[in-house]
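Chain lettering (A, B and C) follows the sequence in which the chains are written, and residue indices restart at 1 in each chain.
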Amino acid sequence: MTLSTRSTPPTAQGEARRRPGRSGVSGRVPWMLLVPAVVGMAFLVLPLAGLLARAPWATLARRLAEPQVLEALRLSLLTATAATAVCLLLGVPLAWLLARVDFPGRRLVRALVTVPLVLPPVVGGVALLLVLGRRGLIGQWLDDAFGVTLPFTTAGVVVAEAFVAMPFLVISVEGALRAADRRFEEAAATLGASRWTAFRRVTLPLIAPGVVAGGVLCWARALGEFGATITFAGNFPGRTQTMPLAVYLALETEPEAAIVLSLVLLAVSVIILACLRDKWVNSP
Amino acid sequence: MTRPTALDARLVVARPGFTLDLDLQVAAGEVVALLGPNGAGKTTALRALAGLTPLAEGGRISLDGHPTHTLPAERRPVGMVFQDYLLFPHLSALDNVAFGPRCQGAGRAEARRAAATWLERVGLTDHASAKPRHLSGGQAQRVALARALAVRPRLLLLDEPLAALDAHTRLEIRSQLRRHLSDFDGATVLVTHDPLDAMVLADRLVVIENGSVVQQGTPGEVGRRPRTDYVARLVGLNLYRGHADGPRVTVEGVQFSVAERLDGPAFVAFAPSAVALYRSRPDGSPRNLWEAVIDGVERHGDNIRIHLDGPISAFADVTPAAVADLDLAPGRRVWASVKATETHAYPA
Amino acid sequence: MSRRLFRWAVAAPLALVLAAGLTGCGSGTADTSAPASSGGAAKTLTVFAAASLTGTFTELGTTFEAAHPGTTVKFNFGSSATLAQQITQDAPADVFAAASPATMKTVTDASLAGQPTTFVRNRLEIAVPAGNPAKVNGLKDLADPKTKVALCAEQVPCGAAAVKALDAAGLTVTPVTLEQDVKATLTKVELGEVDAALVYKTDVIAAGDKVQGISFPEAEKAINDYPIAALTKAPAGDLAKEFVDLVLSPQGRDVLTKAGFDAP
C-alpha cells in the first residue's frame, strides 16, 4: 500500500519561481515501467470489468428501486462520512502528536496506530465488542451510567468504520506533516503565534492536500468496511445494514443482486471521489 | 552619540562539537551585523535571540532591561526576516503581513489596515493580494521585512536578508533596506557573510569565528584594522602578525618600516595595490623588501592580482602592462616592496 | 515499434490472467493443489462441507484416512451457498455436504452431482449466554421487546429455519441484528451482546460452557435436512462415493448424533 502526499510546500519562493513549466525529459516510456504498469492496471480493472460483464442490466432499474437498496446506500454514505469526520477530529491531532512531539514510547504508539491495518476486520470487531460491547470494559460502564449501548446501532457502525479507517488518515497526515517545512511554524512563532495558532493557521493549510488525501482514503475504506461492522454493529436493515453487508448477504441467495449492489456502491463512490478530486486535489 | 542599550545578551548554545558563546550589546536604533564564515554560528546566534534555539547554562537575553530568554518565541518582542523569507504560501502578501498583528490580538479589519500601511511603506500596495509564489525575490524580501516590522518588535533580526537575490536586485534592495533600518527605532541584528552588505547596512560589525567574537567595531575600524585572516580577506588587505620595536615590525624575517611607533606583538596591514614588483633587487633600503616566488596570476577588476609565496605570502595588484613588461608568470622569482607610508601597524 | 510494444503489453497481462484462471481461481480456502493423478499411490479427496459440520467431518476424515492408507482428505468448510457457488464455478471438489436442500439444488440443477441423500437433520435451539441473564424460557420470551435477540439473516439456512419456526409459533420477533452465519450469531451470545439467539443445536453443543441451549417444540416445524452427494466430476473418482458411504454408515451416524444432529 502506498500512501503518497503532495503536501510539501516550496521551501523558498525563489525555488518555486524557477520551477520550469514542463520537464524537458522526453522520449519513449521505458518498457521496464510500461509493462508492469499495464499489468497492474489490468489487475485492478479486470475484476471491475467482470462485474460489469455479469451485471443483469435488464433488471437493473427494478432492483435499484428497491427500498432496501436505497436504505443501505443512504446508511453507507452517512456512516462513512460520519466515520471520516470522527477520524479527522481525532486522527489529525494524533498525527500531529506523532510527527511533532517527542515523547517516550512514540515509536510504540506509531506501531500501535497501524494495528487496525493488520488486524483482520472481524477480529477488530470482536475486539471492539470486548471494549465497547454491553459487557465490555468501557461499554459496561456506558450502559450503567448513561444507558448507552453501541452494538447494533448506527453509531456502532460509525465506531467500527472509524476504527478500521483511522490508520489510513493518521499515516497519510503524519507523512504530510513530516514532509512539511517546520520552519514555517518557526516563522509563525516569531510573529507571535502560539503552537495552536501556528497549527491552525499555517500548518493545517500547508498540509491540506495530505489531509484531504488521507480523508479520501479513510472515507473509501469506511465505505467498503464489512468485517468489523457486521461483527460489532450487526446487520439490521435501515439501522446497521450498510452496502457491503447487503452485498454479502445477497451473495448467499442472489448473486445477481449482489452484483447490482456492488455496482451501485462503486458508481457512487467513484463519482464522489472524482468530484472531490477536482475540487481539492487539483485546485492549487 | 550615546544611545541606550536595547539588547544586552550573552548567547551560549552548546552542540556536540560546537559551542557558541558571545556577548552582544546593541543600542536602540543601532544596526549590528554578525559577520563570519559559514558554520561560525551566526544563524545560531540569531535563532537563540528569537527563541527558536534554547540557550545553554549561563546564557541570558535582556531587551530594554527586561529578561526575555525565559519567554517562548511567540512572546518575545522580536521580528525576524528569514533567509528564504518563509512567507506563508497560502496567504496573500497582505495576510502574511497581517498575520503578526492578528496573533497579537488585533481584529481582522484592524490587522489588515495595519498590514496595508506596512505594505505601502515598502512600496508594495499593488501586490497586496498576490500570493508569495507570484512575487519576485525583491518583492518577497520586502513583504518579509514588512511582516517582521508589523509586530512592532523591539529587536529586529535579519538572516542573510539579501543572499537570495540576484546582483541587480540586491543593489536596489540593499539601499531600500538601509532606509527602512534607519527608520526603525529598536535594535537590529543582521547576519551576513557579505562584507559589502555588512558595511552598507550596519553601524557596527561583530565578526564571529568558531562560535566566538574575534573582532568588533565600526565598519571603518574593522576595515582598516583587520585582526584575523578571515577579516583581512573580506576587506581585501594583506595582514601579518609580527613583533614591533619602535618604528619597525618584523614578520618572518622581513622588516617593515611603519608610520606608527609600537612595542610588542603587532599587526601590519597593507593593500595589494601598495605592493610593487621588480625583476631584480632594487637599490636602497632593505626594509619593506622581500624576495618572493609567483604562485598564481588572476584577473582582478582592471588589474592583475599576483599571488606571492616566500617568507610571507601576499597579494599584489599590478597593471596588465606591468605583467607584460616584467613577464610575470607562475614560478618566476621577483622582489616585492611596499612603501612605508602605505603600511599600517597596530597592536595585536 | 510502439505498436508491437503495445500488443505485447496487452498480451502479457491477459496471459497472466488466463493462467491464473486455469490454475484454479475458484475457492478461497479450498485446497487448490491439482487433483492426484489416478493410479498414483497418494490420493487426495476434497470435501466441501457446511461450516456446521466442521467438527464431525474432520473426525470422519481421520477415520477415512485410516481406512484408506495413502489417501489424504482435505476439507473446505464454509457457508453452503458459497460452497455451492464455488462448485458451479468448477472448483475441484469430490463431495458436497450442504446444510440445506436449496443450496444442494444449485449443484444438482447444474448436473454436477448425483442424487443427494439426506444424512442428518439439525434442529434449532434457543441459545442464551451462560447463566441466562434475561431469564429466557421459551420462544415467546424472544418476542419481548426488552429481550435483545440475534437471528441469522434470512438468506442463510439458519435464518430461513428461524423464520419458519417463528411463523409456526405465530410470533413476531424484532431482532437487533440479522447475522451472516451461525458462528457470528453465536459469538454475539457468547459475548453477552444479545440475550438470546436462534441457532442449531449442534452449534450450541460445540460452543461448550459459554452458551446454554433451550429446546422448544416449534423447532419441529423447522428441521433442516443436510444432503450429501458425490460430485459427477469428482477428480478422486470412486473415493468420493466411499466417503459418502462412510458418512451414511452407522459409524458415521454415531459421530454425527453425538454432536447433536438428529438421524434423518
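The working rule: a contact is a pair of C-beta atoms (placed from the backbone, for glycine too) under 8 Å apart; a residue touches a chain by one contact, two chains touch by 3 or more.
Computed from a predicted model, the values in this text were never measured in an experiment.
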Q: Could you run down the chains that neighbour subunit A and subunit C together?
A: none
Q: Find the chain most remote from subunit A, comparing centres computed as mean CA coordinates.
A: B
Q: Using mean Cα positions, find the chain sitting nearest the overall protein centre.
A: A
Q: Compute the distance, rounded to whole Å, between the mean C-alpha positions of subunit A and subunit C.
A: 34
Q: Let me have the rounded angstrom distance from the C-alpha centre of subunit B over to the C-alpha centre of subunit C, please.
A: 84
Q) Between subunit A and subunit B, what's the gap in Å when you average each chain's C-alpha atoms? A) 53
Q. Which residues of subunit A touch subunit B in the complex?
A. 9-14, 16-17, 181, 183-184, 186-194, 197, 201-202, 205-206, 208
Q: Would you pull the subunit B residues touching subunit A in the complex into a rising list?
A: 50-52, 72-76, 78-80, 82, 84-90, 99-100, 103-104, 132-133, 135-137, 140, 147-148, 151, 157, 164
Q | Residues of subunit C defined as touching subunit A within the complex | A | 2, 5, 8-10, 12-14, 16-17, 79, 81-82, 85, 148, 150, 153, 155-156, 175-180, 184, 187-188, 191-193
Q: Under the touch definition given earlier, write down the residues of subunit A that touch subunit C in their complex.
A: 28, 31, 34-35, 38-39, 42-43, 46, 126, 129-130, 133-135, 151-152, 230-231, 233-237, 240-241, 245, 248-253, 255
